[in-house]
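Structures given as structure tokens follow.
Here subunit A shows up in two complexes: once beside subunit B, once beside subunit C.
Our next item is the complex of A and B:
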């Protein structure tokens, strides 16, 4: 009987009910978007860093990986030491440098990555063949680089490094063959990148005699030993910065604190709007129908049942609004994500709004609980109305 | 003094010490001085990399850099060197990252940049406007995001306003019925309700502007402390106030008029019955 009464009551004012549901839906959509925004960046960043299973990064002291042009000098003894560690499964040194190739009569600038094929965590092969250890003439190219230069798998090209800015003459050159097309995991959209053997890239890049690396990726055998291995590496190699993925996520979070606080503020506002909407509408509805509730009480309906009746009305309104809000929120999240992922230089793998079941459930439950709680006051008003006085006032 | 925004690793810091040879001077920004309790006359040791030897410098000045949104959120510290000193420290003699060129009055920057690029090897000339446009792309993205969130907020508040105004006027069914029955014309009743809706919308808008001003001040206070900057994070401009108030008034009056029209077109007895 309660639900039948609730439905009948809501359909008595269809325009009003539709507007309330629409209002709750928009508030719920904003809340869902903000819940996704608050945790989505971190999850997406963490997923990107862990996509190849490497849990530790070594970078030049005082920097984060690829944050500056600084390099770790004399990397070979560090790599030997890491490879000798029984807890370490794989080690992947990376050197990033600027390279150039001649395309027609112009010079195309590329980002060159030096990788160790035996322990790379930088790319995923999309077409052709991967580099094999010791392949000093192979080249992997990103789709944008291949498109810009018009390369096909099997093409032979001449890479130029250390270009003299005055004469535009290269100090180092290397003839290589395109082995495959890859997706570099940390590249921005449209970034023209190529990958070659680590030692080849050292010879093409700056300071070839310094035995440099931009970053080293380390894969630890057991996940529960990541922190202890990172601490041990940091103690042994004091000239490098050692960060686990968890520590990098903390650093990332501190840089994106603005978005997290914005999401918290907007999520709170959307909840407040939802609560105000349900609370106000139901309070006005209850005062309109106060005589009806007095009649119900007069014919023996208990206070608890009247409370349930009003709260059920609030629950139906918020449930309908929450369902609409989830659909609307997922649609707007795609649009907002498209805006934020157009940040210049942002890796293409990063997403700001990650639709996960927990985020959707959190937002829906928060809206539902807030809506039901907001109907508590009108329910109390309906239940505590004195029967005789209310009926008399209503009759007059 | 050159103005390179270069971040260097602070290898070690020592308080003032007298030295036989005059040390090269540097200027450090106020936040860095506060962070490491440095004062003018102190000696610091700086190195470009952890494994390279450190050189000693004398803090000659402490300065407050211009608030720059591009760097404020990164929290990096800046030190200014005399150009030859920085070159010596980095081991990159006779090299610069950028050269600022001030053109003669009346000559367009575009044509100067074009001429400079004709024989150029090793550099590229850009008009300042283009650099500003390129470096503000990040903020253009943030601005687009804010606009999108703003549209969602406006839709939410518009629906909220619609509900409230609709209920507010419908609540007055009995009053409308009584007014009509004692002979007050439809037009007068309509005007009265629209006026009431306008007043409610105006008071609500005023309160909203006050709330926004307080929220904006709080936002600026929190973020300026958080990022140690004088940047303005929240700016309530007259345009924004006019847009917010205008939208609220238009919505409030439109919905009030819609609801009032429903009241005045209904028969007074029907209104009386529904109000009862």
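Our next item is the complex of A and C:
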């Protein structure tokens, strides 16, 4: 009986009810997006960094991995030392440099990664074959690079190293064969990258420093040994910056503080908008129907029941709005994510909005609780209307 | 048995700081099974008295007992429960819940009183048949004529078998023929032993009621039994 009254009362003004539900849905969608945004980047960042299980990064002193073009000099003794550590399972040096390849009569610029196939944490194989240790003529290519250059697996290519700034001629060249197509985990969308043996890439890069690396990825056997291994590396190798992924996430988080505050403020605003919407519409409805509530009270309906009737209307409105909001929020998050992740220079694997069940539940519950709370005032209005006076006024 | 015992009831409204005395000392006793009409000019306090008798409002002074129970000092919930179980109200403008069907309107006070679903629907069907609306049970209130709405309102007022039925100008919104049907229904209620108090301007109605209380300026001016004439 209560529900019949509640639902039919809402259907008495179907357009109005639909508009309010839509309004709540928009507020809830914004709230959900902001909740996803506030934690999403951090989570997807950490997920990306750990995607191949390497928990430690070595980078040039004073920098973060891939943050600058600086290099770690004299990497071989460091690698040897790391490989000798019984806690370390794999060591993956990475060297990034720019390369060129002639396609028709134009020169295509590529990002070249030097990797050690025995310990790489940089890519996932998508087609063809992986490099094997010691393969000094193999090449791995990213989908965008293959598409831009028109390469097939098995093609032979002449790679050109860094160009001399004066003559615009490459100082080193090498003929390689495409072995496989890979997805480089930290590439931006559409980035044209290739991968080859670490030593090959060192030679193509022709760096003035002997034996450089851009970064080293370290996989520790046991997760609980990560911090002690990182500390030990930092102690023995003073020329490198050593960070665990957890530490990188903390640094990343500190860069995101403003971002999180912003999303928190926007989330709060959307919640307030939802509360105002529900409060306003129910206050209007209750004043329109105040005579009806007085009649209910007059024929013996308790105050508590009247309160429940109005709160139930608020609950139905916000529940419908929250459901709509989750659908709308997920859809807009996907759309916004597509826009944001196509930003140049940003790894394609990073997401701004990560739809997590807890985030969705949090947002939906917050909207629902706020909506029900917002119906408190109109419920009180309905329940405390003086019966005799209201009926008399209603009869006039 | 005494259903209503009112002694020296007064009701003063304050309106913009001015005091309006609507009742100035009304004493009234109504026994079970009585059928009573309250008449009087507009503003004489008829509706005010009816609202006090039904526990819709409380008196400013005097003493009121309903079914032997003092009304003053009851909490809001106790007073609400009294209205639910002991009193049935019939309003000039019917005041049905417009989104509910006739049957649901009658079931409403039953549900509030905690009557089970099955018994509720049986009792509602019975009451709608009693007021001659068995075939309209599933119509929304808005789909009924004025006379039909008032009959649903009467069925609703009877739902919890109250000790007292109060009606404020029940035929005021109806044409003569429809009003007459309602009056016939009231006669039947009276024959069936229901205690009935009707406020009316309607001379026809007043004429057929056994006891007539005439109010004038907030006081009982005449209280006469038809048989005493």
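We adopt the following convention: the second predicted complex is superposed on the first by the 381 of 396 C-alpha atoms of A that agree within 3 Å, B and C clash if a C-alpha of one lies under 4 Å from a C-alpha of the other, contacts with A are read in each partner's own complex, and residues count from 1 in each chain.
Definition applied: a residue touches a chain if its C-beta (ideal position, glycine included) is under 8 Å from a C-beta of that chain, and two chains touch if they have at least 3 such contacts.
Everything numeric in this text was worked out from a predicted model, so none of it was measured.
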Partner contacting more residues of subunit A (subunit B vs subunit C): B
Which superposed partner A:373 touches (first subunit B, second subunit C, both, neither): neither
Subunit B versus subunit C as contact partner of A:300, first or second or both or neither: second
Contacts of A:381 with subunit B and subunit C, given as first, second, both or neither: neither
First, second, both or neither for A:270, with subunit B first and subunit C second: first
Which of subunit B and subunit C A:392 touches, first, second, both or neither: second
Shared subunit A surface residues [contacts with subunit B and with subunit C]: 394
Interfacial residue positions of subunit A with respect to subunit B in the complex: 15-16, 19-20, 22-23, 26-27, 29-30, 33, 60-62, 68, 70, 73-74, 164-168, 238-240, 255, 257-258, 266, 269-270, 273, 276-277, 280-281, 284, 288, 332, 335-336, 339-340, 342-344, 394
Contact footprint of subunit C on subunit A as seen in their complex: 1, 4-5, 8-9, 11-12, 291-292, 295-303, 305, 387-388, 391-392, 394-395
Subunit B - residues contacting subunit A, complex: 7, 9, 49-51, 73-74, 121-123, 137-138, 141, 144-145, 148-149, 152-153, 155-157, 159-160, 162-164, 166-167, 171, 223, 226, 276
In the complex with subunit A, residue positions of subunit C that touch it: 47, 51, 54, 56-57, 76-77, 80-85, 87-89, 91-93, 95, 97-100, 104, 107-109, 111-113, 156-157, 160
